[in-house]
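The chains carry the letters A, B, C and D, assigned in the order they are written, with residues numbered from 1 in each.
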Amino acid sequence: MAELSVPTIESFTVTLIVRRFDPENDTEPKWEDFDVEMYGTDRVLDALHKIKWEQDGSLTFRRSCAHGVCGSDAMRINGRNRLACKTLIKDLDISKPIYVEPIKGLPVEKDLIVDMTPFYKAYLEINPFLVATDKPKKERLQSPEERARYDDTTKCILCAACTSSCPVFWTDGQYFGPAAIVNAHRFIFDSRDENAELRLDILNDKEGVWRCRTTFNCTEACPRGIEVTKAIAEVKQAILRGRA
Amino acid sequence: MAIKPAGTLYRGKVGMWSWVLHRISGVGIFFFLLVHVLDTALVRVSPEAYNIVIESYKTPVVGLAELGLVGAILFHGLNGLRVIAIDFWSKGTKYQSAMFWVVIAVTVIAVAGFTPMHLARVFGH
Amino acid sequence: MSVTIEVPNRPRTRKQANWEKYGWLFMRVSGPLLIVLIFTHLVVNLVLGDGIKAIDFAFVAGKWADPFWQVWDLAMLWLALIHGTNGMRTIVNDYAGQVKVRRALTTTLWAVCALLILLGTLVIFTFDPCPAGASAELLASFCPAQ
Amino acid sequence: MAEKVSVDDNITYHSFDVLIVGAGGAGMRAAIEAGTDLNVGVVSKLFPTRSHTGAAQGGMAAALANVEEDNWEWHTFDTVKGGDYLVDQDAAEILAKESVQAVIDLENMGLPFNRTPDGKIDQRRFGGHTRDHGKAPVRRSCYAADRTGHMILQTLYQNCVKMGINFFNEFYVLDLVMNDGKPAGVVAYELATGDIHVFQAKSIIFATGGFGKIYKTTSNAHTLTGDGVAIAFRRGIPLEDMEFYQFHPTGLAGLGILLSEAARGEGGILRNSAGERFMERYAPTIKDLAPRDMVARAMANEVREGRGGGPNKDYVFLDLTHLEPAVIDAKLPDITEFARTYLGVEPYTEQIPVFPTAHYAMGGIPTNIKAEVLSDNDTVIPGLYAAGECACVSVHGANRLGTNSLLDINVFGKRAGQYSVEYAKTATQVPMPENAAADVIAMIDKVRKAKGKEKIAQLRKELQETMDKNAQVFRTEETLNEALEKVQELRKRYENISIQDQGKRFNTDLLEAIELGFLLDLAEVTVIACRERRESRGAHLREDYTERDDKNFMVHSMVYKQGKIEKNTGTNMRIGWKPVVVTNYQPMERKY
């Protein structure tokens, strides 16, 4: 087939300043800058690929789907948590360099890759699965309204953009973090689930929902547009009232 | 906390900055409160002792600091109401940034109204 | 195995019972009360009349001669100190990484809080608006010494 | 049951009863079925929820008949006809019959399907799914907004967590160890450390997904490099029906990002630059909801005949502007967001530029209906299973119907889990040969130490470009030979590569090089299968043989690798043919 093209903006050169860390040679991270030639529809992920593929093969980051559904490439772009594959270069101020660094509050493993273990651990602690003891022969019934009640929080892709944007999480990494609460919310408000009480109890912890200081960084960072702070507020209310 | 070179400052939006201000103002008020309880307790020692200390509240430097204190209390208190609204009002999260600007506006207007009055007293005879 | 660069994670320590919910609620209940208490306090002391200029022993004595203001200030004292101390405790929990440091700081906070509440309460209730032997011009107008 | 681990020569040895390679929909469905009575492990190069099943949008077919009359027999017929009669009909019957239970299983596990007003699972239309053998479109696709795949992946992972399944995440399986024609285990490379792990198991299930990255314009993830398929091939297992690669009609023009068929299921219309609803000409009955191969071809044809839009007239338009914004928001939120984010087009008011994008591999590792891998037309390799996109049972034949793949991974993933456990319960472990990891260690060493001139990214780019140019929607003997020549040239140049990252930890540079090796293998097999099938059927359109030829080609292709694997000469392939299983439906002309 012929080459495809979409109405594009002219190509332009941008500078990326990437915070790098090589665990085998560095004792501390360092900033390194790269100039790349980009087009209007290019995303930060394309720029990182361009660097990796044409300039420095050792640049390391996670990515997979390249369109914002797998949650691999959350990173800090110009000071804010974003998915590299959803951040269009032209939406950033390209007259200035673009700063790219790993998400904050999780141990850096190499360049933009962080150790996600603490993040997953918090997720696993809230019992992220449906608990229902009945044994239906067909589907369990659920009205569209009941289904809508928890729709927002089913969108989560576990990218950690929220948790690693949370100033409370940065302090000591002990806070459950918004992602875990979002995933608890998804079940707490599912009419089919029987384990809301337990989950509410788990989040009524020293490191639970009460540590949220409503800073909204999570909501602002969530690439899926989940109203994270609202979900957290709903969980707080559910704990106060003793039930979902 | 972080090993150098540090990462960039996180560029949060009003939610984050309101929290930073809330926290700083809270700490500020707290330490003032400690002092304030102690100085007020001097009324139990003697009228002289109390008056000597309270005089220093009327000096220009402390007088200016009082403006800051009033501003901090206003902001902290009003923002506290905003936080409570976020927690308890179902539309709170939606209007949080609008509410933040209301808090700032009310604080600024109140401090602006109070300042000339207060400064006149501090710098007046 | 991994190299920790920013903030090290200490292992999660889960306690059975905790008062976080009540602390959180208390902040939200005391907050609006404090608004009324403190804002009125500020208006009465700093805005009305001669503002800060007017504050002296006689002014305080004048207020505390009235049980209304005694109760008012008492409430303010207790609520503000507990609210403030609990707020400070939150902050200490956030930033004091080591368990020992954290415990020491929180203990200090609550000790100071208790001390000041005690002191303040005593002052309000044992306060004599017209102490004997004080020079008359410092006292409130209603004192016999005047 | 505790896992046995030992370390020797820096190699870690693990032992399992059932080992699953891949934690996408198929892998995790198998894991859930395999359960925890036996010692079950899952090895995945991605954290499970990052698998590409999560990208699937539209839905999962099942004749629940919740909103309209429907039954599994109609579904079977649509599948067979959609696959241009190359479908193995026994497998298609199983797919359709077991679909209802597959959906109920997922619902019971917690999947938040959209609901009808009376609380049942809602269903919508999808291309090629019809009532009563093609009379009219039917609502058969069960869905969760336009993130059905996301919800399937999350729900399966959640249930794996619930059961305590043992995962090895960010472990790249690079080899299948065979001993005397029987599978003994796999060798994996741990991304975080660069360490080698040998997993020994009685049953091994491959569920490693597709290989869209042989093409440039694709809806597939960067990580879909067909590792599992290529590994099997290198170990002497033939690959079935590799010429059938599906091009999805509505990729975002220039980017390949997918806009689900659900957009058309909900009423979206394809238009050319003149604003004409051109599908009325190609499929008068079901128009825009014709099977993907037909729609993709129609689109490519519109462009070829000069009716494309845009400055280069190289795409057509998907029109949603007549739909209520509320409907768009409720049913297609994600895909409209893609249009906004990536092309800056507002779907409420503007038409979206679209063009076919490489999407799905109908072919892959040959299996029977028990998900057992075959070493030729019918010989089972005991203990080796494959399910999902990497496998070819074949339920999709020459062209997969939308929503049948999410169904496939659930039905045959489940079967793989079931039969692999059954087998592992009685089988004895095939002994691990000495130096089981030697080949992988040698391969890694070679790549790491290579000091050549060629850049991985450059070779990959040239590969993808030649595949897009020569082996996409339209193909001829000439273009395919050109592609073959190019692939063989690239293979030679691949011997002369170098990588920059010499480290052990998180060396993605190294892995991209290895993945390119897999891609080259699969591209070559694909091109050869394309060239040998001298007819047009389903997704495979030969411009030099435009008719379907049931007399000669009503058979599956089987490409075998001959000789030793290290000799990547490229000519050591043999093509064979395998009969199609026909039960009820004799081939007919495919009209919609």
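Here, a contact is a pair of C-beta atoms (placed from the backbone, for glycine too) under 8 Å apart; a residue touches a chain by one contact, two chains touch by 3 or more.
These figures come from a predicted structure and were not determined experimentally.
Novice: Between A-B and A-D, which chain pair is linked by the larger number of C-beta contacts?
Specialist: A-D is joined by more C-beta pairs in contact.
Novice: By mean C-alpha position, what chain is farthest away from chain A?
Specialist: C
Novice: Rounded to the nearest whole Å, what is the centre-to-centre distance of chain B and chain D, using the mean of the C-alpha atoms as each centre?
Specialist: Centre-to-centre distance between chain B and chain D: 60 Å.
Novice: Report the inter-chain centroid distance for chain A and chain B in whole angstrom, where each centroid is the mean of the CA atoms.
Specialist: 34
Novice: With chain centres defined as C-alpha means, what is the inter-centre distance between chain C and chain D in Å?
Specialist: 66
Novice: Rounded to the nearest whole Å, what is the centre-to-centre distance of chain A and chain D, using the mean of the C-alpha atoms as each centre?
Specialist: Comparing mean C-alpha positions, chain D is 26 Å from chain A.
Novice: So which stretches of chain D touch two or more other chains?
Specialist: Residue numbers touching two or more other chains: 192.
Novice: Going by the touch rule set out above, which residues of chain A reach two or more other chains?
Specialist: Chain A, residues with two or more chain partners: 23, 28-29, 104, 109, 236.
Novice: Provide the list of chain B residues touching at least two other chains, using ranges where the numbers run on.
Specialist: Residues 3, 7, 23, 83, 87-88 of chain B touch two or more partner chains.
Novice: Quick check: in the complex, which residue numbers of chain B touch chain C?
Specialist: 1-3, 7, 23, 26-27, 29-30, 33-34, 37-38, 40-41, 43-44, 46-48, 50-51, 54, 57-58, 63, 66, 70, 73, 77, 80-81, 83-84, 87-88, 114, 117-118, 121-122, 124
Novice: Help me check something: in the complex, which residues belonging to chain A touch chain B?
Specialist: 19, 28-31, 76, 78-80, 99, 101-102, 104, 165, 167, 213-217, 219-220, 227, 229-230, 233, 236-237
Novice: If we count contacts the way the header does, which residues on chain C are in touch with chain A in the complex?
Specialist: Against chain A, chain C makes touches at 2-10, 12, 14-15, 18, 20-21, 23-25, 94-95, 97.
Novice: If we count contacts the way the header does, which residues on chain C are in touch with chain B in the complex?
Specialist: Contacts found on chain C: 5-7, 27-28, 31-32, 34-35, 38-39, 42, 46-47, 50-53, 55-58, 60-61, 77, 80-81, 84-85, 87-88, 91, 112, 116, 119-120, 122-123, 126-127, 131, 134-135, 138-139.
Novice: Would you pull the chain D residues touching chain A in the complex into a rising list?
Specialist: It comes out as residues 46-47, 49-52, 54-55, 103-104, 107-110, 112-121, 144-145, 147, 150-151, 154, 158-159, 161-162, 192, 217, 221-223, 253-255, 257, 300, 303, 310-312, 314-315, 334, 337-338, 341-343, 353, 355, 455-458, 468-469, 472-474, 499-501, 503-509.
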